[in-house]
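Listed below are the structures to be examined.
In the two assemblies presented below, chain A is common to both, partnered first by chain B and then by chain C.
Entry: the complex of A and B
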């Protein structure tokens, strides 16, 4: 009894914690360890369950060998990576939303009056159009009314209303939003295509009216633009390297990433033989530049991975941008031929080539107003106002203030958000695939997490499914290590 | 704080006991049977009919409860292997094979003999849906084959006659092109199709003499020019002749609903002149009014055939209400239930004798359907063949591989030949994988492979094949109809 009295407080504390500890052990820790062990076993529900007597066998790395040999695994891994291309955009969108929401709404009368006027004009225009029987798509009317409503409620509630509205997608139930998006993507009756069709009709008219060589020109212009983006970034990397502001390894990896869109653009060129020539020229230029840098780097002693995280992230973002410019260029090149019979909006989820972009667009919508935005908002609040004041006194423009104060100050947040987004991207896609596409068409939207489900619960190979899950964990773990190794350093820098 | 904690603990414990106490099973002395199935008014009628049947036969009362929330295949599997599944559950198409292999189904062979719901009470072509390795693992509530339902008014609007009951591919295409030409306004989006997009690629393939698997079910043989021809034919119907809609075209119709519901609505309003479905569709089409319908068999290359569809009800191995479940199966085989299937139009009656009844062929309340039911009856009796399932690959896995490659072909990513090749290659890889995972199957597999070599030699020599050597139900029937089967030979 004495002992009990002595440890009374401890016993009470443990009793309070016990439900949580037991829950964690039973529902998380034990299944986690069990799934790790099962990844090395031949557990198959057909053979090993309470009704079967066949002994469970440990098969070593057999499941992992099969995994690597499975073409489906690589296809679904590719799908998962493809869907992650949208991450830089979602980060950009979250930052933009946070910058907008960080502004003080509703205090200055001029702004209030402006928003009231905008809402009145939009609402009035809708009424006039409806009254005069103008054949405007109902969706445009709906959008205008919604915009008016948002502006008006913003006047009443200020930034709190806007912040709540932006955050809404995050606390709306996933399945409900997926079903909603599925309806929105309906090729014929969905509001997305209803809104797009008049725009595409107009675009087709314009494209058919202008000479065809403009498409070629557009391709060339966007291609050159992509090259300029790459060149700008390469120059910045080279300059940073000489200034000892980046490690050699970080510079090489960040530069190599930028070559991918250029190589793709070259291979896509419609003029035979030109692509390899351009590639060859790029390699030659790269080698010459490398040689020049090597001479400049003599005597430098710097960690090769110095600022790898930051530069890698930035290069990935620019690589995506360059990819999009090249892709848009190709669209411009083919546009005259496509527009000759009129342009139709995509079939979204049921078209093999559009299914993944459809999901990316939806994920972008969900990600902009997510926790990322909240993190950025918190980050923005932490930036000392004196920095902006000093910059204003020095005559810095808004863009300069953003580029030299806001962006560097938010860098730790950006890095954290990027890493978390990549981890979520690797783990994600299950609910979307299950609800919207069943992984189709032709496996185009099957991600690794949905693959685990198929293997585990459709074919009953739980050992193999565990191996896929642990392979996925390996990828996520590598990302976390990357964060620990480079994220912290970058934050401290 | 400690008191609050303890109070909460007690409240929660009390709630748990209360929840257990007020369970439905504790509120009544009547045994309750849980049946995991679809939620439909017909199911409610069947429950009522079962309870009336018990009363009429002076049997003990049993309460049958529908559980529609656990009908997902994964749920049934997980609940089953966890020991908490419902007493009875539907197994659609090939699900029974997975369920049986896990051991969660009760062996009904002996009870079926005792209660009169054995395999002899239904069609030979249906038996493989619930007979696995010579034992009975379920019983069908109804059976089904699909034919083309014809919207007579749609053909009248096109200025055409009602299509023939039997047609080959060329005739089907010729009719289709004529129909589409008659109903499509030049310059406008096509709104009328000869048929909905539902079709059975296996039936088309079987009509060339080719099945998914070889005679011994040891290998997938879809890498065959005949299957390439099937894929190219479907593609031509969708993208060249536009006699059936592509998935994209189908989605352009502004119809609310999902899956078959959309197709049935489009068929009822004449956008599809024909729809390839089972008899159950008639029940749902009745809600669109008394339109006049006819029916045609699906087109064929050389050999007309239909594939048996529908599922069966299995009994959970750990069910504590087995005797009550046997009573329910007895009811399913009874005249009462068969008459009910005849009256409601829910697929086809389990007992073949009921196909001949006047009530089935000419339901008095629906004269607009006369003529349709007899096509289903003829199809079931004359052309139906069991599905073929290899014991070395799960049907669901094989299906996913086939569908993925088919969609890749339709999306233009691979050619028909590549699609057929990849289907065979990947399904055969799955067979290899199953053998690696289940060494106990290797002996049987090797025996069958050796047998297959003998079959191939006989085929090459143009000699008849002993019936006992053939496991694939399609080949057995096909070779018999073609006069290539040696019925008298001793088996291996």
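Entry: the complex of A and C
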């Protein structure tokens, strides 16, 4: 009994864990280890089955060697990573949705409520009348009726109504959603392109009417703007570093990110002689800040990852902004040439270059009202109201309250959502590819998980498929380790 | 908030809601079309075919599939929430040696694509004699590293001062779990309930591998019957999906009220 008393906490801990860990061992650990063994075997369903009992061989690292040598593995790996660019946007979108829906719309004041209801009725009626009056076709009338219906129930029922509607993509999750988007993206009969065509025709008319050098000018202006954004952020990082307000590693990573869009702009530059010049300017910019820092950095001894998460997010945001500026500039530059013989909407899923962006748009749509939104809503409810009361006594603005209360209080949730999004992102795309694109065109939408499915369940090479899965596991593992190491520290601060 | 701001918010939310609901609308409209109309550009059927909803029950044993799905998903949800809550309590509230290592093992298992575990898991089911049984569908899904991770994160946000207070009041660990932590984790428990129920209701691959007899089919497998040799009966498929989604909406509308209520209301005063 003495032993039991000494290990009391251990006994209790394991007792609570017991029902879970038994199932965990049998249904998760054992299959996991089995698949690990398979990864080193040549098990192929077509060769080794009930009828053909060829002996199973263990082939060492042969599967992994074959994997690395296949160029398509690297292509699919690149696809998977590319599709993951959407993750920060999805998370930001669901946070925004949760913040919007967290407000209580059930207005207590009867007069305000009455006025709102009246406005909703009138607005809805106007919409429906306009749709019928302009002869827009039955579907538009239907949409107008729906919009006014949502507005009315929303005003009457409060945020519960919107919350449920936002979550609807999830009720039909999977196949139904994919079939629908496939039909929407159809280049000829789909609603997306039918709506875009008149807009693009108008744009082409405008572009053809203005002189061509305006496009070049636009590119230059936007490029300089992007550089200014980068410079502003670099200087902020440098002075934070001097104030010991950011760790060294955090500073390096968040500065390095900023150079990506600039490097891309240099690569895309129309006049090839200018590329090296821009790169030189970048190096000069970095060197100057570095020199300024060198003198101030003596005796710097703070945690290198101090405030990494926060700065990383901020840099990511600005990087996206710079990317958008550069991208827009490039569009401006090429527009005159493209518009001379009319603009056409893309072929979406059929076009090699547009297939991945199409899927990212769909994923963003599905992710905003997803489980992440639910998690954030639950997290928002967990924040003690006293914090906000104290802040409003101190006269904090809405944005300040967000940055100093909401965002840090939601950190455990953001951490969880980010980790799960990375894991799901690396493992995702199997159902999408199976129902929408079959991984095409030319493998543009084949992710690693679809590759595993093809190898394991269509060609039957289970050994090889397991090897792919374990290679993928290695990747996810490293990414998660990074997240836990730096994210968790941030969360616990 | 002023009336104008209220009105603006409602307009914004209405537009966004409409975007979110569109596929659903398309699905319902398609379910009212004739088979010939399915591929037409127009979203609207020339004449709504309400008969489609009755035909679903005649073409496949829809009621049976419906019941199977609800039965399996309910059991999985109950078991998974229970085992996850117990484990999450152990991982977040009790301090035992090796705890974080075991937890990391849990985390690590989430990183292996589930697809490859299906074959070994099937072999285990053969060994246990559970192929083509409800138990074979329920058991493997009832233990989840994800659920444990989720609830642990929720429990970490509950102030640890409550534990000390409870211990001073002479509460044992079970009382701490049952009377303090569990009620306070209600938003987490409800969130996990929604996720698990939805996930398992939609689960496709595992039932496909496990089930043999049609009487045990769950909805996602049963709906494959609409892909006949002569082509896909999309209109009936959409009618069936529309009907199959109803319990999910009901559960969501019913449960989401609870995490709106919040946990702070009575528990963590002062």
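Here is the rule we use: the second predicted complex is superposed on the first by the 370 of 493 C-alpha atoms of A that agree within 3 Å, B and C clash if a C-alpha of one lies under 4 Å from a C-alpha of the other, contacts with A are read in each partner's own complex, and residues count from 1 in each chain.
The criterion applied here is as follows: contacts are C-beta pairs under 8 Å (C-beta built on N, C-alpha and C of every residue); 3 or more make two chains touch, one makes a residue touch a chain.
Please read these numbers as outputs of a predicted model, since none were measured by experiment.
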item: Broader residue contact with chain A after superposition on the shared chain, chain B or chain C; value: C
item: Contacts of A:162 with chain B and chain C, given as first, second, both or neither; value: second
item: Chain B versus chain C as contact partner of A:427, first or second or both or neither; value: second
item: Partner chain in contact with A:395 - chain B first, chain C second, else both or neither; value: neither
item: Touching partner for A:211 - first (chain B), second (chain C), both, neither; value: neither
item: Which of chain B and chain C A:119 touches, first, second, both or neither; value: second
item: Contacts of A:442 with chain B and chain C, given as first, second, both or neither; value: first
item: Which superposed partner A:16 touches (first chain B, second chain C, both, neither); value: both
item: Contacts of A:454 with chain B and chain C, given as first, second, both or neither; value: first
item: Contacts on chain A seen with chain B and repeated with chain C across the two complexes; value: 12, 16, 189, 453, 457
item: Residues of chain B defined as touching chain A within the complex; value: 1-2, 5, 73-74, 77-78, 81-83, 98, 101-104, 247-248, 251-254, 317, 394, 396-397, 400, 403-405, 407-408, 411, 413, 426, 433, 437-438, 440
item: Parts of chain A lying in touch with chain C, wherever the complex brings them together; value: 9-10, 12-14, 16-24, 26-32, 34-35, 38, 97, 100-101, 103, 105, 107, 112, 115-116, 119-120, 123, 138-139, 142-143, 146-147, 150-151, 154-155, 160-174, 176-177, 180-181, 183, 189, 365, 368-369, 371, 374-375, 377-379, 381-382, 384-385, 412-413, 415-416, 420, 423, 427, 430-431, 448-449, 452-453, 456-457, 462, 465-466, 469-470, 472-473, 476-477, 480, 484
item: Complex contact set, residues of chain A against chain B; value: 12, 15-16, 42, 44-47, 49-52, 54, 66, 71, 186-189, 347, 350-353, 440-443, 453-454, 457-461
item: Chain A-facing residues of chain C, complex; value: 3, 6-7, 9-21, 23-27, 41-44, 82-84, 86-87, 89-91, 94-97, 99, 102, 106-117, 119-121, 123-124, 139-140, 142-143, 145-146, 148-150, 153-154, 156-157, 173, 177, 187-188, 190-191, 194-195, 198, 202, 204, 220, 238, 241, 245, 248-249, 252-253, 256-257, 259-260, 262-264, 268
